[in-house]
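These notes concern the structure reproduced below.
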Amino acid sequence: MDFTHFNEQKRAKMVDVSHKGYTLRIARAYGEVKLSQEAYTALKEGRVEKGDVLAVAQVAGIMGAKQTPHLIPMCHPLPLESIDIKFEFDDEHNIVKIFSEAKITHKTGIEMEAVTAVSIAALTIYDMCKAIDKSIEIQNIYLLYKEGGKSGTFVKG
Amino acid sequence: MDFTHFNEQKRAKMVDVSHKGYTLRIARAYGEVKLSQEAYTALKEGRVEKGDVLAVAQVAGIMGAKQTPHLIPMCHPLPLESIDIKFEFDDEHNIVKIFSEAKITHKTGIEMEAVTAVSIAALTIYDMCKAIDKSIEIQNIYLLYKEGGKSGTFVKG
Amino acid sequence: MDFTHFNEQKRAKMVDVSHKGYTLRIARAYGEVKLSQEAYTALKEGRVEKGDVLAVAQVAGIMGAKQTPHLIPMCHPLPLESIDIKFEFDDEHNIVKIFSEAKITHKTGIEMEAVTAVSIAALTIYDMCKAIDKSIEIQNIYLLYKEGGKSGTFVKG
Amino acid sequence: MDFTHFNEQKRAKMVDVSHKGYTLRIARAYGEVKLSQEAYTALKEGRVEKGDVLAVAQVAGIMGAKQTPHLIPMCHPLPLESIDIKFEFDDEHNIVKIFSEAKITHKTGIEMEAVTAVSIAALTIYDMCKAIDKSIEIQNIYLLYKEGGKSGTFVKG
Amino acid sequence: MDFTHFNEQKRAKMVDVSHKGYTLRIARAYGEVKLSQEAYTALKEGRVEKGDVLAVAQVAGIMGAKQTPHLIPMCHPLPLESIDIKFEFDDEHNIVKIFSEAKITHKTGIEMEAVTAVSIAALTIYDMCKAIDKSIEIQNIYLLYKEGGKSGTFVKG
Amino acid sequence: MDFTHFNEQKRAKMVDVSHKGYTLRIARAYGEVKLSQEAYTALKEGRVEKGDVLAVAQVAGIMGAKQTPHLIPMCHPLPLESIDIKFEFDDEHNIVKIFSEAKITHKTGIEMEAVTAVSIAALTIYDMCKAIDKSIEIQNIYLLYKEGGKSGTFVKG
């Protein structure tokens, strides 16, 4: 296989999708934020006591998904039709798990919107917890699933 | 320690730094993009043959750093004074390593700008290689180093 | 009735409209800026003598309408097809009345674009007159009318 | 008094502040969202039951404050040093009251950042409640207080 | 012929295209950057030796095309379907020639996206060479070609 | 002389200005829009009769100047302290002449803000007149003058 993002001058272009039809596309992405014990507990308990870090990360992830074409240079601007983010707590490893799902009926996919939503949500958790823990790690960001379009369905193996 | 980003209504705020002095601040961040053998080879060789994915990722990371306060809700808008990104190839593991460094002389730090630069550069590599490999993972994003400000110097242990 | 903007984790999401059809939607909004006698006269006469505050507010309102999905977190990004703003003077009460109309043929409405256009136009009038009058008030912003979509036609009672 | 925002061609300009010194500036603004009984109750109780509309409005208002110079044409871009938003419930009139406070030590004021924060928070409440109530009104937006700079302290009379 | 961008109050509006059908539209634009001998040689040779100015200009032009509706007040926001930029060297006159091509199947044209792509690419070349040559000129920016839509095909004479 | 915008990997960076002092900087730029006789007359007379194209171009140019660091990849984000735009009519050649002036007291210059202001104003004139004349040309954009900073004063020869 080959890169699709370069022109004959070996410089980047936005791939031409003008001839393609509209199909429903769904993308799901995943990522993790690994915290110290102290920061993890503060984040998890803080929801009730101090304030909800994840409420801010949720909004940031959704707004970040809408900024995808202005952040990732070769992404197509698309009228995103659905974006949601969910969180799970892994108490054993002090990890916040982030799941996103994006949908559109359009000429090209929204994988990058889903992955960007997770990344910006993760960065926001990082930002709001870094006063407590500067060793936070963002890890294991990837596409979980996609359907729709010429390349068909993908499920992370 | 405690969260600094919440007000007495338990909702998020931008931390008040109006009373602080200007000090030089430096932040360095790190992250990795793990590719399949095929995508890794295409990216590495493509620089000469097809087009330079990392040249696009470099620009995206730098522009992304400047978008940090518009992506991360509680970040202060700051007139960033320096941002650079470098890449290293880990041929054994098919990994592109991303290093960023940001500088400013201001009232608050630019850790988030450094980490965001790495994240957006990683997402751009992901985007430009995903036609070849949908299993790409972004991993191990963290702050390597910071200096300046009240909390002093931090070196990732 | 119930909120449509929350997921089962009680956090905000962008409502899924991927399954909906395209219909013509029109939204009209209204708002007022109440000025002191001095500022009102300066604004109204200034159009000829000094410069046209409302020409700037007009451009700001139209550009603000296009920023709606990047300002209002759960708004869908939409390729807006028409936006216009008109002003009326109420000499008796020193009020500038602002009217907007937005149109699109899409899966969801553009009420927020119409209301945002009015709000940003009002804020711009505020900004440009505040050297004369710091007591300016923005008031009575609401949706006048909408048509199209499942919820049908609405006329402000 | 006279407009400061026009040049000798009677067209708008950004006022020249290059010669001014840095002083601490604080601005506080206010605004209201008036809801139907049903929407008001849903919003107020929803915080516990369904999801917190005001948590989203809080983030939107803070991010909106940072967009002020890109929304209001003649506003100076400024590295905002503090922004916070608070809400009060007026059960008698079904009104959510919004209070903002912004701070900076710079050459010009941040009144518009404070007023914009209130406006965007109000628009977000509007957006998230409009499925229940299309008659919502945004009202009584004004500057409560400012200090700092040549024009001194202002308190809304 | 007459201006289409003004309402009956003689103020600007976004032209209403809500009633129009979708047709394929293509636009091509052109522009030049004229450099001193020294800057021209540095740019052309620098591609191999120091770094590739045009790789940065390429990314900037493509991202700039996507910002068109947020830069040009009366432009419609559109989900751009293709954008590419190419460069040619005119050694005799020390000129970098810039060519862009944009495509969409929509209700209105993307001439402004094509012309904006060229302009932002030109400004980026300017920025990156201005340390060597402050006399750089951007010149001869125009539409080369457009097809699609009611006004039909245009070829620069 | 040499490029300052590349790192040792031959990729672009934002030049480090963290060690520099604050000095007053002024930049003036120039550009032209050449119109057909018909479009030129419509624009010039339209100011009174139909609507003022240049009022829109003025606002676009000023807002565009503030977007400079988000358009030109290696530009520093700066709190611009003054920006103004003026127009002159050249009736003999059907040309609108655009002049901008930007000011800041900071660590680096604002040449790009001045040149970008002219470019975006020119593109806006283009957009609003293109229904009448598709052969419009934007030409002769350059820096007229700069002062301040290590490289001293420049006057276009």
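In order of appearance the chains are A, B, C, D, E and F, and numbering begins at 1 in each one.
Please note the rule applied: a contact is a pair of C-beta atoms (placed from the backbone, for glycine too) under 8 Å apart; a residue touches a chain by one contact, two chains touch by 3 or more.
Note that the structure is a prediction, hence the values are computed from the model and not measured.
Common neighbours of chain D and chain E, listed by label, are A, B, C, F. Centre-to-centre, using mean CA coordinates, chain C is 30 Å away from chain F. The centroid of the Cα atoms in chain C and the matching centroid in chain D are 15 Å apart.
Averaging C-alpha coordinates per chain places the centre of chain A 36 Å away from that of chain F. Taking each chain's centre as the mean of its C-alpha atoms, chain A lies 31 Å from chain E.
Counting only residues that touch two or more partner chains, chain E has 7, 11-12, 52, 55-56, 59-60, 63, 67, 70, 73-74, 77-79. Of all possible chain pairings, those that touch are A-B, A-C, A-D, A-E, B-D, B-E, B-F, C-D, C-E, C-F, D-F, E-F. The residues of chain C lying in touch with chain E in their complex are 24, 54-55, 58-59, 62-63, 66-67, 77-87, 103-105. Considering their complex, residues 1-7, 10-12, 31, 38, 42, 46, 49-53, 55-56, 59-60, 63-64, 67, 70-75, 111-112, 115-116, 119-120, 122-124, 126-132, 134-143, 146, 151, 154, 156-157 of chain C touch chain D.
Contact residues of chain B toward chain E in the complex are 52, 55-56, 59-60, 63.
Residues of chain E that touch chain C in their complex: 7, 9, 11-18, 69-70, 73-74, 76-79, 106-107.
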